[in-house]
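Here subunit A shows up in two complexes: once beside subunit B, once beside subunit C.
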Partner chain A sequence: MGFSKLMGIKNKRKKGFTLVELIISVGILSVAGAFILLFFAYSKDINTRAYDLDNSVYHSNYIIELLKAELWDEEPLIDMRVLETSKPPDSISKEIRFDNKWEYVELDEGHDYVLNLNLERNEDGVNNKDLYDVTIEVIKTKPYFRSLTKNMTIYSMETKVYISLEEGDSYD
Partner chain B sequence: MKNKGSSSTELILTMLLLILFSLATISLVVSASGAYRGSVESIEDESQIRVAQSYLYTKFRQNLEPDKISIEKLPGVEKNGIIITDSVLGENIRTIIYFNEGYIREAVFFEDAQFDPNANYPIARLKDLEVNIIKGKGIEFETMSDEGKSFKGFVAFITK
Partner chain C sequence: MIRLKSRQGSTSILIILAFLMLIIFSVLAISSSSADYRLAQRNANWTSDYYQLEGRVSEYRYNLDRLLYNENVTNIDEIADIIRERDPEAFIEFTIDGMNLTRIFEAISGKRILLSMNLDYEMDSFKPIIIKEIPLEFQYREGIEFEDVEVDG
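Let's turn to the complex of A and B:
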């Protein structure tokens, strides 16, 4: 005679999970899975934004330093040599485009990021150097994950750079 | 009609759902851990690059005279090193920045002391570092992370 029978307890027959119970559990798992995947997608998005900010700062710094060194033959400054001629323009703008890996692309190619470089001649030039107010703005042309904002500004900076005039010329 | 037990169809369906449930759980755990690991590695990689770039920019900007910075072949080191000559409390010292065994390293020696590749401290972990001096203009450098991400930097010398 079994213990439960001796104690007067009726043994209920074990039926296991029903189909409905299993469907509900799979449903709950799917919802939990969707939230976990969303969490990782957000995490990756934050990482991408940080990487974009890093790149924006590196490229902006690089351009400012190239301007200071007046290296007109280096990639983004090509066609800006006009700044050191005897009749430099009062302002000059350039749009520099990048693909999704932050490589330079031509203006007619597909791009993900745009760096707008703008130089305005300042009145405070000295001797044989012009002073320019430099503005840089880096824009992401495509929206981030779950964002509807296109052309979002990632980074912007303002600084001043002296650019030498051609030998023999002087600042008026 | 009274249901006396599970039919074989119910049993098969239940087993199939159980298998589906297990597979879903396993794939969720595997993909989540893979994604998490990838994300952490990527963050670490970018962090190392950030440290390396900031360090190089800061060091070079503190020594922007063309004759203070040179690039030399160092004994026992795979790549050329950057030598920054400076004077501290009347003593000439050389700060040597070089890439060896996967790290940017810094070593400080008195001017007449022999360079020892073991006397250094690591700054940041990288895959590669390229440095080049553009005469009279500045110093350009390129850092490459373990994941192959590459960043270019340039610092202009101060000239008259």
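Let's turn to the complex of A and C:
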């Protein structure tokens, strides 16, 4: 005869989990859940990188095509035309800024991406035209997920354009 | 016929299934975004290569224009001779309008650009007619060896 029966206590055996079992199972589930969430976060990060790279390439192409077509009135190239000088300068640089949706923003506004455009004149031009070395570098100012690197270069390219930066008569 | 005598364990099965689904979807999401990124990188490399070649085309045009201005040449034949001497890869042919110059530029990656220009008898400057990429499909890597072809007689 058992002690509980002797004392008149009914020992109802409940089917269920103990506290320790629950804690362990919740722990395992949360660790597994955290890993899965990390997978999704990685996926979003890679997607963002792909999106940024695509946009960098698109904007770089756009700027080079504008340069080649000498369309100085279009937004990114406004104020790049050298009208005042009789001879084009040897080097011209411009910083073009974008927000997180890749829209142009003013220099004093908050920005997430910077496109550095640099034009270096090669030698003396011919027929009012010059050969310029064009360098484009697209930088992300804020770090990516799980990355501490700020101002990371997303894309860079180099080319040469044979264009005229000057309006009017030829220079000597 | 299967008789479910007990419902014990159905919660565990549900949780395991839910986790399996989450794992499958997360792996799919990662593989999809990785493929996107690879495609974006390929596009970026392609664009860099293309503009590098176009840069070489611009430089070539600039050098030809300088040639016209700096060399004391009086007729179109002299210019053709100078170009042939300096750039043996340039293909020159004379037309009624003047002279046509065709040149192919090739990058290390195998990408090629065709440049075709015209110089008229006034000899002001070379005017580009065609600047275009030659698609890879038109680059025959291996020639056809006719010796291997058997003809039934």
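Just so we're on the same page, the second predicted complex is superposed on the first by the 142 of 172 C-alpha atoms of A that agree within 3 Å, B and C clash if a C-alpha of one lies under 4 Å from a C-alpha of the other, contacts with A are read in each partner's own complex, and residues count from 1 in each chain.
The criterion applied here is as follows: contacts are C-beta pairs under 8 Å (C-beta built on N, C-alpha and C of every residue); 3 or more make two chains touch, one makes a residue touch a chain.
Computed from a prediction, not measured in an experiment: that's the story for all the values here.
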Side-by-side fit of subunit B and subunit C on subunit A, or clash: fit
Which superposed partner A:L131 touches (first subunit B, second subunit C, both, neither): second
Touching partner for A:S30 - first (subunit B), second (subunit C), both, neither: first
Which superposed partner A:S60 touches (first subunit B, second subunit C, both, neither): second
Contacts of A:L22 with subunit B and subunit C, given as first, second, both or neither: first
Partner chain in contact with A:A50 - subunit B first, subunit C second, else both or neither: both
Touching partner for A:Y162 - first (subunit B), second (subunit C), both, neither: second
Which superposed partner A:A69 touches (first subunit B, second subunit C, both, neither): first
Subunit B versus subunit C as contact partner of A:T153, first or second or both or neither: neither
First, second, both or neither for A:Y42, with subunit B first and subunit C second: second
Overlay on chain A, subunit C to subunit B nearest C-alpha distance, Å: 5
Doubly contacted residues of subunit A, that is, touched by subunit B and again by subunit C: 29, 33, 36, 40, 43-44, 47, 50-51, 54, 61
Touching residues (chain side subunit B, partner subunit A) in the complex: 6, 10, 13-14, 17-18, 20-21, 24-25, 28, 32, 35-36, 39, 42-43, 46, 49-50, 53, 57, 134, 137-138, 151-157
Subunit A-facing residues of subunit C, complex: 15, 19, 22-23, 26-27, 29-30, 32-34, 36-37, 39-41, 43-44, 47-48, 51-52, 54-56, 58-59, 61-62, 65-66, 68-69, 124-125
Interfacial residue positions of subunit A with respect to subunit B in the complex: 15-17, 19, 22-23, 25-26, 29-30, 33, 36, 40, 43-44, 47, 50-51, 54-55, 58, 61-62, 65-66, 68-71
Contacting residues of subunit A [partner subunit C, same complex]: 29, 32-33, 36, 39-40, 42-44, 46-47, 49-51, 53-54, 56-57, 60-61, 64, 122, 126-127, 129, 131, 134, 155, 157-162
